[in-house]
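Letters A, B, C, D and E mark the chains as written, and numbering starts fresh at 1 in each.
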Amino acid sequence: MKETPLSICEKQCVIQAVKEGQRVDGRSLAEQRKTCITFGTEWGCCQVLLGNTRVMAQVSCTIQVPKSSRANEGMLFINVEMSTMAAEHFEAGRLGQQGIEVNRLVERCIKDSRCIDLESLCILVEEQAWEIRVDIHVLNHEGNLIDAATLAALGALCHFRRPDVTLDGREVIVHQLDERDPVPLTILHYPLTLSFALFDQGKIYALDPTNLEERSADGKLVLGLNAYRELCTLQISGDGVFIRKEAVLSCANVAASRAVEMVEMLKKCLAADAAERIKGKYDGLVSSVALEAERITTQSQATAYFKTPVHNLEENADEESLSVPKTKLVKDQGIVTLETKSDVSSSESDIEMEPLPPASVVKKRVYEEIDIGNDSEEEPVMLITKELT
Amino acid sequence: MPVDSRRLQGPESAFSYTLLEKKDANAEESILSADLQKMLIDSNHVRKDKRKPTDARPLFLRTGIISQAKGSAYIEQGNTKLVCGVYGPREVQKKSDFRLNGQLFCEFKFAPFSCQKRRSHQQDNEELVLSGLLREALEAAVCLHHFPKAQVEVNIMVIENDGSPLAAALTCASLALASASIPMYDLVIGAAVRQLPKLLLLDPTKDEEWQPKLNHDENNSNLTVGFMPSMQQICAYVHEGVSNPEELEQMLKIVTEYCLKVQPVVQLCLKETVEKMLASEGENNDAE
Amino acid sequence: MSGTELLSDQGLRIDGRKPNELRRIRCSLGIFAQADGSAYLEQGNTKVLAAVYGPHEIRGSKSKALHDKAFVNCQYSTATFSMGERKRRPRGDRKSTEMSTHLEETFAAAIRTELYPRSQIDIFVEVLQADGGNYTTCVNAAMMALVDAGVPLKDTVVSCTASLVKDTPLVDVNHVEQSGGSPELVVSILPHSGEIVYMSLTQRFHIDHLSKVLDTAIKGCKDIGVILKEIMKGHLTKLDTSLQAS
Amino acid sequence: MVTNFACLQTTLHNFVLFFTITFLVQFKTHSYLCFIKILKSSVTLFTMETEQKSIRALKCEQSVLSRADGSVMFSQGNTVVMASVYGPLEAKIQKELSDRMYVEVNYKPKTGMPGVAERGKEKLIKTTCNHIILTNLHPRTAVCITIQEMQDGGTLLSASINAVCLALLDSGLPLQCLVAAVTCLVDKKDKIILDPCIRTVKEGYKAMFTFAFDSQKYNLILSHCEGQVPYQLFQEAMELCQKASHIIFDFYRQAVLRKFSKELL
Amino acid sequence: MSIAPQLLRGPSLMAEILLSEAEKAFIHHGDDLRCDGRTRLDYRPIILETGLVSNASGSSRLRLANSDVLVGVKVELASPLSEKPLEGRLEFFVDCSANATPEFEGRGGEDLANEICRFLQMSYMSGDTINLSELSVLAGQQCWVLYVDILILECGGNLYDTVSLAVKSALYTTQIPSIKVATMDGDQPELELSEDPYDTKRLNTQNVPCLVTLMKIGNHYLVDPTPEEECCSSSGVVVAVSGSKKITAVRKIGSGSLHPESLVSMLKTASEVGAVVNKILMKKLLEEETAGKTQKVGFMR
């Protein structure tokens, strides 16, 4: 499948807006979309939402023979997977040019900046070492895959715990997770990427571009930074992009301060996750299903507006239904009780927002969170008794 | 090498148990060609399978064994067994491959169990080259201008390899093409010969085939030829090993003579095929 | 970091150059008969061959054709024997594909593609010997091949690397300096306007140094630009005299 | 009806199950059982205590992905999968079918490349989809279904099928019926555990079954079995799963209800 | 059926050349005089230079008219094949650079490369070409592997011959480091590489075969065909001829067929031509070696 081509008026609208210092989703030029990081039950699973862009990373490890050129180091392998799920023009099992670009940038940001202490992954010199593999799955492509992918990869690496090993002479004993506490990776610094879309011959730059902005821009500036304001990677690319040195420097400064905030946030999320785990009854990604209705924010409406205006016409006749009132549905049989919660918190933010013309075509989402009893898997939740049939 | 993700793979470090068989590697390497000759043939000039040097193995041919194919054939040459299926002519699938003449696509495949060492499901380098040789040979025999813009596919599957697979494949493929009613100038008959310093062995088995080994500097080689008997033309010629031009001439003579002997056998098989076809058509007509 | 080894106390680099000194550049144009344009370029021990075919009709699927400009197609390939360790595949790996993409983007910016709508220009580069700065040498060689082919350009593109050792920026990094753990900044510019068309960085350094290193790289680019322009001129006068002679 | 038996054995007391059956034509559970009964003639009947007869919490979020035509993030207990549907699309020439839609299913594991196991799952899901989608309404087109494993809670196959069904519902492709898949296993003490969690699966089991039923008459669409148990247990497990499928269908109803709630409230 | 069509198609390299009827007629019916003034058994001028690639243990660049080939030989230690524990091995790899023709872009040149590669392997397999047991370091455990990497930079006809001459020259210059097996320390033998970079040994390449391509055009056959001539011919033979005039491999190329008699006569001619080519090449290589270190010209011409 080919990607739906971008119409000239869409492109011009974006460019014009940017020139006036505005963006189609209402952000300012140096503003990022809302970022949300969640972790799975397994070690080393991290899902990142950057606006509507959704990326999941999973870290796994195996014992391998180290490379002869680096006999006392473990290995890090980064693999980006893009399937049709993320966008219609991606093909499962085959990375296109875009995929390779993302893969290489993540590799350069995380692997080449040596943020993981690979020497600590060596078990026996020249014989055995851990190979850490990061699989990054792009689930939804709404622009700025690179930032989302690096954040997810870094989050997953921070979250990951490998089984402990001990040496008995030259024999390696791998301890199962329940036998001995697993060991986290040694992270030396936290590198992240921040991307700018470049417009108007490199004079205007917009942080965290959406897909629409990426496709209308001249090119892209990707900066890899850590919390110590160190540059880890940098790339300017795009068909016919020109940029002056001054612009690069000012982007770098903006990005450096952002990177500090992002690393803070990631650390907070990691700490929150650890606290949850201690409490027990941890269900990982389940809680991110039907993620808060907060996500109906200004941006998502705007992107939706640009994406499929006609498709959503009937669906959104009235504005109030944006916030679904709290309801409790009780099944007639009296056996199955379905509780339905709905988050109303979003409605406030919506009211404050300047409605985009035409307001009626704003796409909104309805979230269902239909719980049957509580979420624990320990106890049987609901019994199917004979009466059911 | 791309990883085959469609099949369960065996452990990488596995190897054939036959390598562990008791044999003195040093001894084998240093066998002189004269001794080698003694190993392959006894003092009465009789080979291990009771053949004379210039005898070929018994040949068995049959057509129409793949019901889905336009034409097919099966050949048994001693223990070398292979099947050929012919599909087409049909439209060329890739439009950029457009050519005014018809095109031949050949695939030569050894079944995983056909050789002593297990072969992979994916085509390896040797199979690719054999496919190319087969294609070049058949292109000379098939009237490609009769089906412009179309393609014919020839698939060879070797079920058991006991020497001279390419020779058998050539005969089998031409028979299959003929049974698929693809216009041809002539049948292609394949034949192979093994050269030992003072002796030529026609239609060598796996053990008799030439193997790249040290110290066989004397005249020692293997030749496979595809011959079109009626046209007196050679459409395939592959020689490996060390020989003089004069010896090659001698080898070629033996091989072409053999091909002339095989020709009527293949013709007979083809005749039976046509008769059977006519008979079944007649039955159909009667039924109507 | 092995800074002490890479830069001696006398301020000389491992191969005896000064920090702001380029490696020797040698170049010859028109070395192939069949290509429309070709060039061979040496920057120190890094040796690259480039060939240009086109502008010609789109090859393969017609869907690649652009209605308003030429489609620039590049391939970056490395000879298997070009490095110390043997490379298993000359191309098709992710790094090579990435390089190809960047070459395409750079030359799409430099070539006056709007003159050849619905056509294609092929640029193939082959690294014969790799000794650091492979990508920059490829850009420069490809540019010379384009000049040899007579493809109209908006401006020449030149590329150069820079690094930072002991807070001293180094220009035109070789393989030892690159693999010694020091950062490498690759910059491609249009020398007339000084605008950056491509830039990439591996390894880390503090953001405060960026300005300094970037300046060094841009200076390096401009110097290379001057040298290449001389070579171009020499080639053209030679062509001119040979034409007049005949 | 087409059935594939990988392996089928009958012993005196034990009915050995190690096979995968895919029905291309839907038929009644009853007749399926008859069919199996014919295959095994003498089986002593077991009366089993079936203990855990529960299904874990179901949760879903439809239209999670902005680009797909239909998408869902679905959780069943701790199992989380995401499914997306793109279609009807223009089919590739090689894949084009003149009389119906081509269904492409991609199952993506969390780590590593998809291998043989994933292809097996793809095949099962594909045949199920072929059955429930009214493919003949869109000839010469394709639909692309992608399933991403996100968290393994023990029942990935059944969760995937349920997620695909929800995603198809979300995409608005015309369907013949809905499908609900339920997994159960027989543990070492011959107890049937419905919708097992990952810990139970890892503890080991005698057999694991996944059944899928349609929404109209709760007939069997898919049956995937591994392991060896007496026939009686198999029958019981299937009946249990059939009952459990009602909950999933109820859940679907609620999900759709939520999606179009404004019209009802 | 999952046949990748590009793998089954022959090299379509020469499809681009357009020839007029008159040109074709000249090539077909011309007397013992070819378009470029040669007779049927003449080669075009050859430029050969060795030792151009500093990262390789042996290298050569050979240009035969417009056919340009660069060969690098890398020497590496590896474990021998389980079926041949006492031998080292040669691994050929041919890469058709897209510089030669855009057709070779991506994997376009792979089938041609495979064909050349396989034929080289075939012709080097016979016992008297290279003594592979010389490459054994530690029986059954370590051996030298010579990676012969061939880079085809331009195609101006007669690739087989060009490649084989370049490979032979590269092998001639290949330096294999001296290695010593140190005293058995327990059961673990230690390999000791010589400190002196000039302490190397060379292979005996006297008998390494050269390939001779003979193309059949009309009623004649000729050596060293130009692309135009290749285009006019439907068949020919490639013959590997060792230094001792022996034939080590033959294969028919092209989609045409040959009469047995003409085939035999082609083989005889090929062995004569091959012997001469071999002799001249060895002489020139020796000359270059004895001339000592001169400035490498390479591509700077």
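In the analysis below, contacts are C-beta pairs under 8 Å (C-beta built on N, C-alpha and C of every residue); 3 or more make two chains touch, one makes a residue touch a chain.
Since the structure is predicted, the reported quantities are computational estimates derived from the model, not experimental observations.
Peer 1: Quick check on the contact network: minimum steps from chain A to chain B?
Peer 2: 2
Peer 1: Identify the chains in contact with chain A as well as chain E, in label order.
Peer 2: Chains that touch both chain A and chain E, as defined above, are C.
Peer 1: Let me spell it out: compute each chain's centre from its C-alpha atoms, then which one is farthest from chain B's centre?
Peer 2: Of all the other chains, the one whose centre lies farthest from chain B is A.
Peer 1: Can you tell me which chain lies farthest from chain C, using the average of the Cα atoms as each chain's centre?
Peer 2: Farthest by centroid: D.
Peer 1: Across all chain pairs, which one has the most C-beta contacts?
Peer 2: Summing C-beta contacts for every pairing gives the maximum at A-D.
Peer 1: Rounded to a whole Å, what is the gap between the Cα centroids of chain B and chain D?
Peer 2: Chain B and chain D have C-alpha centres separated by 48 Å.
Peer 1: Distance-wise, how many Å sit between the C-alpha centres of chain B and chain C, to the nearest whole number?
Peer 2: Chain B and chain C have C-alpha centres separated by 51 Å.
Peer 1: CA centre of chain B versus CA centre of chain E: separation in Å?
Peer 2: Their C-alpha centroids are separated by 27 Å.
Peer 1: Once you find the CA centre of chain D and the CA centre of chain E, what distance in Å lies between them?
Peer 2: Computed from C-alpha means, the inter-chain centre distance equals 59 Å.
Peer 1: What are the residue numbers in chain E that touch two or more other chains?
Peer 2: Touching at least two other chains: none.
Peer 1: Which positions in chain A touch two or more other chains at once?
Peer 2: Chain A, residues with two or more chain partners: not present.
Peer 1: Quick check: what residues of chain B touch more than one other chain, meaning two or more?
Peer 2: Answer for chain B, listing residues that touch two or more other chains: 93.
Peer 1: If each chain is a dot and touching chains are joined, what shape do you get: line, ring, star, complete or other?
Peer 2: ring
Peer 1: Round the ring, starting at chain C and heading to chain E first, what is the chain order?
Peer 2: C, E, B, D, A
Peer 1: In the complex of these two chains, what residues of chain A are touching chain D?
Peer 2: For this pair, the touching residues of chain A are 1, 40-42, 45, 47, 52, 54, 56, 58, 60, 81, 83-88, 92-93, 133, 135, 137, 139-142, 283-286, 288-291, 300, 303-304, 307, 317-318, 321, 324-325, 327, 329, 331, 336, 338, 340, 365-375, 377, 380-385, 388-389.
Peer 1: For a test of understanding, state which residues of chain B touch chain E in their complex under the given definition.
Peer 2: 15, 19, 25-26, 29, 87, 93-94, 97, 103, 105-107, 123, 125-126, 128-129, 131-133, 135-137, 139-141, 153, 155, 212-217, 220-221, 228, 231-245, 248-249, 252-253, 256
Peer 1: For the complex, give me every residue of chain A touching chain C.
Peer 2: So the residues of chain A touching chain C come out as 69, 95, 97, 100-101, 103-104, 108, 112-113, 191, 201-202, 219, 224-226, 228-245, 248-249, 252-253, 256.
Peer 1: What does chain C use to touch chain A in their complex?
Peer 2: Per the stated touch rule, the residues are 85, 94-95, 97-98, 101-102, 105, 108-109, 185, 190, 193-208, 210-211, 214-215, 218.
Peer 1: Going by the contact rule set out above, which residues of chain E touch chain C in the complex?
Peer 2: Result: residues 53-56, 59, 66, 68, 70, 72-74, 76, 93, 95, 97-102, 105-107, 147, 149, 151, 153-156, 298-301 of chain E touch chain C.
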